[in-house]
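Next come two complexes built around subunit A: one with subunit B, the other with subunit C.
And then the complex of A and B:
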């Protein structure tokens, strides 16, 4: 399916490469140009087709089949797997969790990152060091970062809990990770923490494209720092803000390890999102067909977000 | 920036202090790991906990390689083999595509780039069920090969974007000038083009390697044999419902985190351009 898409003539190519040969005009020569490109693109196309698009299709197929616990295909199931999802009693809670998870984490991440990026845009001694420190949670494995927080918040031997008691914020250690709601909120905190580096860096890159003259002009016109920020900087930052927000929505929606580590041992589905539920279906219940149906739902949501990204950010625009 | 320094000169020490606090917050979990990795099993489970080890035990870094929980030497080898092979595969596939799409216009070019972009925004997590079924059917589930393919496919796009932007930045006139001076195509590539795109190639290599190194969701479903699992999955074996070997969790984490943080710091300035497909430079 994917290997032949690039041969489709594309009318949107309007520019000629600088100093390059004239663009082939029509018909045969257009196809010849695509054929010449194919050998260079084939390895990438094969990987994308075989490991991204094929499994997506196979997953859609699996979602309308009846699979045994051992993966034996017992024939067509129609929409039974989807119906089973709808009948799943914890579904409303899981959907609510998913919405709270994505919106909560992304909004808080973006707000903190706006402040952090603004701060890092100014020159001060040690700025380079602070930038490097912010990278650490980005490079580090999310499983490992989450595990240390999980340990630190243990009500008995957890060092973070002990610290909160020692500085007087808590009277006694609190079981952050013992019940669904506090554990879910704790996981959201960790998700914000690991999302901050990428978001801050993207917003910082956006801030650095704003020329100093713009700020100086605003200052000359008598605008205070807050007015300058709200009226001048923030509108100019919108492209970077859009990119950071949408990529974060996808990342946070797809996040598995944080909830798995922090809420994984809590029985029931009160702290699950659709993503963690898929993995419970696969690993605990061995219901591959139901997992496939839910995965297809997730997949469509991600595709919708990608469409919004293409529409809002227009990343394919070349200049 | 110079204006800001002049007018806000008095605020700079205060900002430096705030900066130090922010830096501390971001590295704090990793400091807790480092300190915990030197505690004894008894001390790390002690109630109430100690902030610093009463006795520093570097031997945790030796003992963790032979525990009943997980065959750690195998896990490290798995992580390295999968990450290195996937990175090489990404490079082999992405470099020609990045070069050609940056240097040539042809019908279907934008469709190809759009396809790469969509792939970047998909993640193994959302396709894990399909990947698992596919690899079971092909008979390569629970193998390194399966995870090499998954890691390569989902990290291709970053490599294509970042190398594309570097190839596109080289003026064609440079090639032509080299040709006029009598350089062969291979010499041009080696002496002129490659040195200019080298930072892009290094960024692609490091980013892919780190992403493969940390991959968790697909490995969790696809790699079921303990020996095949990477460090990210193996780590969870030390955390039990009743008893946890936290000292090993943290020693393994330090070994798993320090190298990739150093690598990431090297490409810090170029990460955003690759991740946002050039939408933010």
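And then the complex of A and C:
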């Protein structure tokens, strides 16, 4: 095995002697190497097939079947489930909510995290404790964090509501979690809060890979702090920023628990994203098949969002 | 590199050994049971009614297994939030439990998954159920569900608050209720008149109490009828209550359990409660000066919402039928049954249970209402989706026109 590995990169880079026969032999040896690696790759491949491809394929299959509300398969449905989805009158509002939810949470998270990471990159007394404090929301369960906020904002016995009334900001407790728009904004706030630790630490790790001499050189050339940050630090931070943004987009897009806890009791679809709507299709409407169709649409949306992001922002470009 | 290889090899080897152990153990187990002459395992899936539910079932199973050593019962307890998802997944995967305790059975019966009830209990047990519950447990003339526990609703009222507001007796009609609740709200002491929980937890119950009270119904016998003149009148009166400020703020997103806690704390003057509410008041605020009255209706005639949960047996393997019958007969034997019903604090569904229940006096207000109970049309297979639509949509009457909300729910029912 060890004797073979160098031939592959070698074959690619070195200029080979004129004449054809080298090519098939090199192709063959590559195949042979792959074949020999196969036994060691199999467990991973089986795992990926089992936990990624099979469920995704089963979901796609479910989305074109007619399932009874108790899961009994009544035969093929063609694209009826997708058609029912398109006829769903609240769909435009739900899609708009989804866009607001993803873009709002990710943009605010990244902006705050950039500032926090910059702050934590500086040496100051007690930095270790501040860094630790920022990890806490990450260590706590999302449902728990959300439930704490939800109870705090309860109009009958929530302490946040009581506090706002006591200091005179409100005349009487307000149902922050009882109306679609304020509840949705509250949920976005919680989502930002729980996304901060991961994003901040990813960016902080990125910042620490930037060598000091780059900053010194910039300072030497007379760049002010802001110019240094914009022209030197941010471009060098691009790979870390790309990872943080993409992972956040996927996470936030698929996030169910925060909205489920905060807006779950709100009637109608004004506070739903496509992800919580999937849940409502299953639990309230008992339409497993329509939910599967929406899951496929959800998957395509998140794929499109990431492709657009990669295309427009070109985060992986190295320049 | 070499270390990685040997590590991987060791892991694979360990994995294979473990798998081999698994298969070996399995083989040994089934071989042993065959020698003993066919032991049977029953899977039992039940919802959690209270913190004591699991212990209660374990006790019942232990006494059953003692009398029937050749039958093993596997208990699975799920929360009410999850049990519908769990059972759906199990059915879809072909792993339905043998016995299920849940509210509605008709979907399973329509999919031809259940034994008729008289095939899984003895004649004596079957004859002991009260007729009104048997009727509610049948589909197209065949009884599939075994009525297990019952519950009814009544109006809980805070006597102190009503007295302060100058209301001398609990309201019997909708107009009385509106007047009393408005009077309480007018006290200006931060208390609310009527607790109306239209959040997703149990909006269908609150709505049914009003529509049944106005002579409405969710079915015409064949189809689900949501958008009817009677139902519309009831929902419009609910909206009138909300608009008049006679309810707590934001009823559309208020769930029942937290709302009842606020009632128990003494901040809501009137709310519809269940038999277990009595126990909750005793536990959390025993000083509450409250009374129980029939639910107010449009013209004061008595109607209430009854709920019955059922046991049902899935037709998985006909070899298990005798074991299922033995277990269900054991469950419905008077002592075992009453220990369950009385501990959980529900109303019994059997004749012998009604005579023997230790809670007869405590639940007298509710037991008296049972003859006037109306049930959800849970035998209609579109009901589950209708109930879901009620839960997630009816609260919109807080901000929208009542008629259009009912039309949306009707559309969901028609789609199911």
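Keep in mind that, in the parts below, the second predicted complex is superposed on the first by the 259 of 319 C-alpha atoms of A that agree within 3 Å, B and C clash if a C-alpha of one lies under 4 Å from a C-alpha of the other, contacts with A are read in each partner's own complex, and residues count from 1 in each chain.
The definition used in the following text is that contacts are C-beta pairs under 8 Å (C-beta built on N, C-alpha and C of every residue); 3 or more make two chains touch, one makes a residue touch a chain.
Quantities reported herein were computed from a predicted structural model and do not represent experimental measurements.
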item: Which of subunit B and subunit C A:71 touches, first, second, both or neither; value: both
item: Subunit B or subunit C, by number of subunit A residues touched; value: B
item: Which superposed partner A:179 touches (first subunit B, second subunit C, both, neither); value: second
item: Partner chain(s) touched by A:286 [first = subunit B, second = subunit C, both, neither]; value: second
item: First, second, both or neither for A:40, with subunit B first and subunit C second; value: both
item: Touched partner set for A:145, first subunit B, second subunit C, both or neither; value: first
item: Partner chain(s) touched by A:268 [first = subunit B, second = subunit C, both, neither]; value: second
item: Touching both subunit C and subunit B, counted on subunit A across the two superposed complexes; value: 2, 40, 43, 71, 156-157, 265, 282-283, 288
item: Residues of subunit A that touch subunit C when the two form their complex; value: 1-2, 40, 43, 67-72, 84, 154-157, 172-173, 175, 177-179, 183, 264-268, 280, 282-288
item: Subunit A contact footprint on subunit C (complex, rising order); value: 1, 8, 12, 84-85, 87-89, 91-92, 107-108, 110-111, 113, 190, 198-201, 203, 248-250, 252-255, 258, 262, 265, 267, 381, 384-385, 388-389, 391-396, 398, 412, 415-416
item: In the complex with subunit B, residue positions of subunit A that touch it; value: 2, 5-10, 12-13, 15-20, 23, 30-31, 33-34, 36-37, 39-41, 43-48, 50-52, 54-60, 62, 71, 116, 119, 122-127, 129-145, 147-152, 156-160, 162-163, 193, 196-198, 201-202, 205-206, 209, 212, 216, 239-240, 243-244, 247, 250-251, 254-257, 261, 265, 275, 278-279, 282-283, 288, 291-292, 295, 298-299, 302, 305-306, 309-310, 313-316
item: Footprint of subunit A on subunit B - complex, ascending; value: 1, 3-5, 8, 12-13, 15-16, 18-20, 22-24, 26-27, 29-30, 32-33, 36, 44-49, 51, 89, 92-94, 96-97, 99-101, 103-119, 121-123, 125-134, 136-137, 149-150, 152-154, 156, 160, 171-173, 176, 210, 213-214, 216-217, 220-221, 231-233, 235-236, 239, 241, 244, 246, 249-250, 252-253, 256-257, 260-261, 263-265, 268, 271-273, 275-281
